[in-house]
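So the structure is just underneath, and the comments pick up after that.
We call the chains A, B, C and D, going by the order they appear; numbering starts again at 1 in every chain.
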Amino acid sequence: MTFSLGPNQYGKAGVRLVTVQRDGDRHSITDLTIASALSGDLEGTHYTGDNSAVLATDTQKNTVYAFAREFGVGEPEAFGLRLGQHFVATQAPIHRARITIEQHRWERIVVDGQPAPHSFARSGGEIRRAQVEVTEDGVAVSSGLGDLTVLNSTASEFHGFPRDKYTTLPETRERILATSVDAWWDHDSAEVEWGKAYEEASGALLTAFASTYSYSLQQTLFAMGSHVLRTVPSIAEVRLSLPNKHHNLVDLAPFGLDNPDQVYVAPTEPYGLIQGTVRRDGATYTEGPALW
Amino acid sequence: MTFSLGPNQYGKAGVRLVTVQRDGDRHSITDLTIASALSGDLEGTHYTGDNSAVLATDTQKNTVYAFAREFGVGEPEAFGLRLGQHFVATQAPIHRARITIEQHRWERIVVDGQPAPHSFARSGGEIRRAQVEVTEDGVAVSSGLGDLTVLNSTASEFHGFPRDKYTTLPETRERILATSVDAWWDHDSAEVEWGKAYEEASGALLTAFASTYSYSLQQTLFAMGSHVLRTVPSIAEVRLSLPNKHHNLVDLAPFGLDNPDQVYVAPTEPYGLIQGTVRRDGATYTEGPALW
Amino acid sequence: MTFSLGPNQYGKAGVRLVTVQRDGDRHSITDLTIASALSGDLEGTHYTGDNSAVLATDTQKNTVYAFAREFGVGEPEAFGLRLGQHFVATQAPIHRARITIEQHRWERIVVDGQPAPHSFARSGGEIRRAQVEVTEDGVAVSSGLGDLTVLNSTASEFHGFPRDKYTTLPETRERILATSVDAWWDHDSAEVEWGKAYEEASGALLTAFASTYSYSLQQTLFAMGSHVLRTVPSIAEVRLSLPNKHHNLVDLAPFGLDNPDQVYVAPTEPYGLIQGTVRRDGATYTEGPALW
Amino acid sequence: MTFSLGPNQYGKAGVRLVTVQRDGDRHSITDLTIASALSGDLEGTHYTGDNSAVLATDTQKNTVYAFAREFGVGEPEAFGLRLGQHFVATQAPIHRARITIEQHRWERIVVDGQPAPHSFARSGGEIRRAQVEVTEDGVAVSSGLGDLTVLNSTASEFHGFPRDKYTTLPETRERILATSVDAWWDHDSAEVEWGKAYEEASGALLTAFASTYSYSLQQTLFAMGSHVLRTVPSIAEVRLSLPNKHHNLVDLAPFGLDNPDQVYVAPTEPYGLIQGTVRRDGATYTEGPALW
């Protein structure tokens, strides 16, 4: 009986990079967490510990820091492309490089009504993401975000679902709809204004969430994905993973009180989990990172 | 040999309360995590399991939800006072109630340049806190915040420290200074405009952080605490716990590159931890929750 | 321009189930976190909010608790099969059910040298996992584990890797090798003694980790996966994701001390990340959950 | 109006130290996370940034690693004493050093029924802790643990509690009692066999938890603390913080099923929180770290 190596990759993760851009007294900062993952002719190290094809993960990390100085960082998609292309171009046994970047966002502190020149507060919530895949045949770029928690306090119903022996949930015409958006979208090109595209895509997610009168979180998901595609022409597909963060109306009757949609408990678990893909019909692209 | 009961308290923690205030089509929301802790004549339950003095923690939780409907929530300090006073007033064996509240902040989603009427995104980072202690003799109110991460990209030096056998750190005239602010401040009164005081105190922390040319994080800490006291007259004492989130300049010389204060690595650990108290001289108050 | 729905699924996650089996005074407990995810003819709810095909996630949760009483839980793979088959069999629009289960392990507390009849301490670390996918055509069962942290204090080398412009890592003949095992393995059958297979597979991972003299974590990964296949005939493929939890020898020379492989710092990040698949040649099966 | 500095301390936290003890081919390992906190004449750095009294936190970290080589680590209490005494003895402005240590426990991997000589798996759950406070007047040593999760599947009742307007909880004669033990205990001496005392104290906690027929978690808390004092003569006081990790019997009646204490849901929150102190009457000692 024999065993063989299937799909594999290796790299460095958790590479924390902060850069300061100094334009005189006025600074800006970039704060990234980067992972690289390489694959290729790697049977040797798996079968016998022959490391002649294994660019050390420490070297991959060093390359991140050196490139930040040599070329600057810029948009995460562009930085990822540069890194990925370097690994594939310079390491003969490496046939694919995946670079995944999370960008932590900071805003300028305001002092006496004026934005401070070199002081920043970390923006909470939303994390921007990019993933780049480089092979000898080409590149694929995806962008996305995580940890964007949103809530509609009305304009959400849920009814018309099937009732079996185990169904106790009442139908409702009025509920809170809340979720934490986890999203990836794939571009059909690597020639995109990444910063602009990100702002438009993330804005479209927010706008569609706020503007959709919802009969199910699935419907909201499709509306959000569609609005991203409608807003940013370079995006071919959007994948969304949306936990349904339940807000349950508290029964106050035992205390002689009504509760006209005012007081809710928000349990951590269990939670619904709605995951879906929205595609531009006819688009050509390479599918990026999976969400489930 | 005998053993006896020392200081103790009990209550319910992790009580998640979300309320919707509906002003026609325009809603606002409040999102709190609440803990109550009662103490008093509780020897019975500890020594023999006699629960006649033990208001159930489930009842404490119910009271939170009922009060949110009966009286509204308002500012967390005021809600905590109402809850604490109720427990001490109605439960003869209970001599002290501590109510601790974390407020999760949300901002209105903007659609087409207009704030949406009932759609919200959770503001990241900063958590607002309040702790109220009610006894038969009176009340003590503290406010605070956590998870406010800030960074100065210059205007920070560190030198003049002693060098012993184990000292290798070079002196520096230029470094990034970053921290995550964890703070409590104690009021000398329970008659305060809580919302206004919070905005002023948290604003003072930010302003002082951004405005202080720093020779040590301790100096920045004292400047931050002093500015809170200077800005909000009702505050008698500020306690701050400030991790020194190191940003280390990367040595790029092995790659033939200089690094003129541009490329940094930001490790999770180890981290400095600077903790201190700033007091208004002559103030009278009851000290609130400890940070260390 | 038109957009359409791509791959999707929905369900309930974070369903916490604890059961007590009472055999007279001697109890045993089972502690699971369960997620169900259904897919099928779900265009309606996405396009128009028509929920007639959407078995409520609340109903899915109820089914978990009811089945635990009606049929008992038993091994997580078997419980997952029962749940998945129920959803596909009873809901005409549902064509695939995925049930994912994490089992939290407990051991009996020992009192005076005797295992207590109904007292347990949670075993740390290792989480057992199962995932079952049921379609109208058949079933696929995968098992796995997470959070199993292991360390070899010697018998690990790393050298012979390529040196480019960005390589500074020295070669080493002696290092600590540590990782936290995250694994899935796919069975070629649904007729397996699940408990026995799990014990054998997890034991094989430990044995191979401890017994492999390692020239790379990739080599250790392949040895671990191969040993699982060698030990459990029903397993067709093993996928492993192994962070290289670096332990760096501390340079004590500035303090006049040597460090003959004794004192290490164990940073949280960055970390290597080695991910690979080991397959039984010629095996027939359905590939289960992805690890990357 | 003037402001002044109140209580303060500073140091390094998150110092990760792993040591390998090599006894021929048979190794053992020690895995600690260490924090040091110094206080003393530190007005200068707070008021003006004068760092002449500030032993750098980087130096504190270096000292940890150097001492691990020079003296070995041994029991965490002993290592903490050595570190604390060094800082107070060598730094004139420093009048108090607090060293806090968490020990992560590992067990030997068993291969073919034999414990492996240099392969280890991290034991989950329980974290051992020590805190040492050194001043010019003497030392105080506390030990403790965290993350020890335990459960009794019966032998727990809760009734006889007061019922007010907000009480809905039914009385119960049969419930699951589960908690995660967070404990500190203070020694009346620094001349203790630390390893033995820890094993005895942690064993006493487990034994008392398992052996107490409980009418309230407070009663169990007092029994646990008392049994530690009874078992280890050098311990003067025990402080325990015990979340009541509720396990709620699921109502299966809607599905036509009974539930004779078999099927439970274990929500993350809210949770009861029971905190108390058990003291040896007449003991003399210095109180250690607070738990609430």
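In this section, contacts are C-beta pairs under 8 Å (C-beta built on N, C-alpha and C of every residue); 3 or more make two chains touch, one makes a residue touch a chain.
Values in this document were obtained by computation on a predicted structure and should not be read as measured data.
Chemist: Check C-D against B-C and say which one is joined by more contacting C-beta pairs.
Modeler: Between C-D and B-C, the larger count of C-beta pairs in contact belongs to C-D.
Chemist: Looking at A-D, A-B or A-C, which pair matches B-D on over half of its contact pairs by residue number?
Modeler: A-C
Chemist: Nearest whole angstrom, what separates the Cα centre of chain A from the Cα centre of chain C?
Modeler: Spacing between the chain centres: roughly 23 Å.
Chemist: Between chain B and chain C, what is the separation of their C-alpha centroids in Å?
Modeler: It comes to 37 Å between the two C-alpha centres.
Chemist: Can you give the whole-Å distance between the Cα centres of chain C and chain D?
Modeler: So the centroids are 30 Å from each other.
Chemist: What positions in chain A touch 2 or more of the other chains?
Modeler: 16, 62, 66, 166, 168, 254-255, 267-269
Chemist: So in the complex, the part of chain A that touches chain B is made up of which residues?
Modeler: Residues of chain A touching chain B: 16-22, 27, 29, 31, 62, 65-66, 68-70, 106, 109-112, 116, 118-126, 147-155, 176, 206-207, 209-211, 247, 250, 252, 254-255, 257-259, 261-268.
Chemist: Which residues of chain A touch chain D in their complex?
Modeler: Going by the criterion above, the answer is residues 165-166, 168, 254-255, 267-269.
Chemist: Quick one: which bits of chain D touch chain B in the complex? Just the residue numbers, please.
Modeler: Going by the criterion above, the answer is residues 1-16, 35, 37, 42, 45-59, 61-63, 66, 90-91, 158-162, 164, 166-169, 214-216, 218-219, 221-222, 225-226, 229-230, 237, 239, 243-244, 268-281, 290, 292.
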